[in-house]
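These notes concern the structure reproduced below.
For reference, chains read A, B and C in written order, and residue numbers begin at 1 within each chain.
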Amino acid sequence: MQHILSAEQFDDEQLQQLFVDADMFRQLDQSIESRREVMTRHTGRIMLSMFYEPSTRTRFSFEIAATKLGIGVVGTENAAEFSSAAKGETIEDTVKVFNEYGVDAINMRTKEEGHADRAASVSTVAIINGGDGKGEHPTQAALDLYTIKEQTGRLENLNIVMGGDLARGRTVRSLSKLITRYPGNKITYVSTPELQIGNDIKAQLDEHTTEYEETTEMLSALREADVVYWTRLQTERALTGSDVAVGQDHFIIDKTALEVLPKQAIIMHPLPRVGEITAAVDADPRAQYFRQAGNGLYIRMAMLDSIMKQRD
Amino acid sequence: MQHILSAEQFDDEQLQQLFVDADMFRQLDQSIESRREVMTRHTGRIMLSMFYEPSTRTRFSFEIAATKLGIGVVGTENAAEFSSAAKGETIEDTVKVFNEYGVDAINMRTKEEGHADRAASVSTVAIINGGDGKGEHPTQAALDLYTIKEQTGRLENLNIVMGGDLARGRTVRSLSKLITRYPGNKITYVSTPELQIGNDIKAQLDEHTTEYEETTEMLSALREADVVYWTRLQTERALTGSDVAVGQDHFIIDKTALEVLPKQAIIMHPLPRVGEITAAVDADPRAQYFRQAGNGLYIRMAMLDSIMKQRD
Amino acid sequence: MQHILSAEQFDDEQLQQLFVDADMFRQLDQSIESRREVMTRHTGRIMLSMFYEPSTRTRFSFEIAATKLGIGVVGTENAAEFSSAAKGETIEDTVKVFNEYGVDAINMRTKEEGHADRAASVSTVAIINGGDGKGEHPTQAALDLYTIKEQTGRLENLNIVMGGDLARGRTVRSLSKLITRYPGNKITYVSTPELQIGNDIKAQLDEHTTEYEETTEMLSALREADVVYWTRLQTERALTGSDVAVGQDHFIIDKTALEVLPKQAIIMHPLPRVGEITAAVDADPRAQYFRQAGNGLYIRMAMLDSIMKQRD
């Protein structure tokens, strides 16, 4: 694990090890004594945080993860404006300079797809892709899979209902691809025809003989769900007003939806949400989206720990 | 002290304890040996810094206070643009996610009044209100009271002259409310009729039988002052040009004002100033506004220390 | 070394000591064990980072340097918008407040020339000038000199070819002034007449009888170079379109340029570059601009170490 670039780079063994480590880091985070011990693990290491696009969730959880492991953090939340990129520097040059600064990892979110790969191609320092435009967001994919495993106890024989903006949603695309690795899963995609999952994903599902279905009937889909993975309409990625209207009229997880949902099912969401799951759902034990966010911290601690161990 | 939301939440005993602790932290800050010892106090703790509105003074002093106590700091100075708020997330959701990240305090400045209370209502992690729009700024109020106590030796039987933009000034409003707790104080409000202190404050003063007076005669007021608390016209809070003109022609503390001011009086200002106290005043021993700013560091160390001790 | 304000404040003995220390810090940075030891040097110290103008290179390298030395870092990358400067506060007031916060150094980049000097005039805390508009950038000048010494083994009897935007380039101006201290050097300035080095610099070269030449013939100049110092057209400093065109047609270091350049020469650039050195040059052993950037980290560690030692 020199770089973390794509959700698909992890084999199942690596994922299972990350899950075990994430469990451990959550456990160690419960007392101040063990927290202090964890903080001595990687003292002397430094992570650079380069965010060319807004993010608090990914950036904060990575920077907190680093801090908890004793890794020093230096960075910018506004690289687009403040970095040398504004003066026309290539991503390769930027990364080559940071390689000279004696840092151990560069965690970056970029506007354009492929930037993380370009960064990795010139870097001996670990590149962590914190989301590259419409491309990959591997740490999100890993924490989603981890939450399913943690909450349902398995990654196979699951009925997974995904809803929202499936066409543009990076998380549903990544999760779909990863879930094809495990046998007996079925995915039900709930959306309007305009916002349905891409043909490339459907081709991959077919190739791995993972069953799937496309529907606009949310309630019927929920009735048989083990995992509900709901997403927001990504208005910041150039949606038209009509898309929003369509999405917001339908496909809202509320008390009515809870009534049809099986008792042992879990509800996930990458957050932030803007109404597609109502606040009334939060108190239901099946609502796991805040836990899921917290899992992001521990899976990122596991990843940073693994990267830094390799550098020792 | 689970959260710090309002200046009025502190009883006198708590305030006196904070003052004693602030004295101690100032003392410990004088040598590198004791600084290093202080830094071991809260290793393993993390404070999130979420600033939705510009601030360097409050943010820096809190982040320095945390760092000096060994508390790790992660944050954003531009939450309005970079956080999930920009995508329409509620403050409650934001805070619930951060509760999952294993942090110990969330220090926030928000645009809108009441946001800190809303944050606290869903948070088991300590919320520290670093200013919520026109609402509260409790750590500023505490440091103001601390400075008066430190410099005059008492909080009662004081003649306090407050000047500037009293209508909109958060600091003069908070200080007025706190000072009613102590007997024998008198407040003289110096401003134009348009910028005078609000009726809600006057009602509170009446209720506690704290004497007060409103005047436009600055020099007469200063002649009998123990404490002068001067403030800036807050042009960033939508003032009209005429307000500025009125304020800037009158009510400037300069060498002439120093001549009438009693020898033992002190001059305070929450800073920044933009001319309402001239630079020539700085060298006068009665000018305590820079000391006052420094007191902000030590009172914030005292608060963070108290919060973190409770979590141990 | 109370403050670091100007490249010219360092005498040769101080520079040589900085170079020795920078060598040492590079060495200590190679193993995690010695890194951890270095991190205990200045625990308890705090550096403020105040950037009123975009920068990642200077800011990151200073913040990484501080972190590696155990110095806590608090700061802003957007002081122009978020600090009290936006409310009309003078730089003197800002610095006086930070002096009260128990910090040990204030590292600042400002828009206007002279701001670092004004800051230092009211500060007992070390002011480090990270670039003040068209004024000074002393840490860049020191790292440039360090790189020349490190790579060529000397600072005298050098044939230095400087190219690009010499009229506005802060780095070529500073380096020219510093190099006059050492005997036997010759500078060849390669640029269009509009972008040639200023008369003030030429007067200083004459005064110290440092030989120099102005030319538009890049290849002839390179043929005899020991050091090539190339720079970018600073479009962010109000260049007209015609300037850009002129600069970009000529004066590009590429494979053709490499052919005429002596084997033992070195190529430097303060970075970022935007085409004036082609990427194909990077693999050539004479290309030292990334190493030069890394030297910035170690020279800044040396400076911070020296400042903090004096405070102990």
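Keep this in mind: contacts are C-beta pairs under 8 Å (C-beta built on N, C-alpha and C of every residue); 3 or more make two chains touch, one makes a residue touch a chain.
Bear in mind that the values here come from a model prediction, so they are computed numbers and not experimental data.
Visitor: Could you work out the angle of the rotation that brings the CA atoms of subunit A onto the matching CA atoms of subunit B, rounded to the nearest 5 degrees?
Guide: The two chains, subunit A and subunit B, differ by a rotation of 120 degrees.
Visitor: Since subunit B and subunit C are copies that touch, just let me know if over half of their interface numbering is common to both, same, or not, different.
Guide: different
Visitor: Could you work out how far the Cα centre of subunit B sits from that of subunit C, in whole Å?
Guide: Their C-alpha centroids are separated by 40 Å.
Visitor: List, in ascending order, every residue of subunit C touching at least 2 other chains.
Guide: In subunit C, 77-78 touch at least two other chains.
Visitor: Show which residues of subunit C lie in contact with subunit B when the two form their complex.
Guide: So the residues of subunit C in touch with subunit B come to 43-46, 48, 72, 74-79, 81-84, 86-90, 92-94, 96-103, 311-312.
Visitor: Can you list the subunit B residues touching subunit C in their complex?
Guide: So the residues of subunit B touching subunit C come out as 29, 32, 35-36, 38-39, 51, 54-57, 59-61, 63-64, 67-68, 73, 77-78, 232, 235-236, 271-274, 279, 282, 290-291, 293-294, 297.
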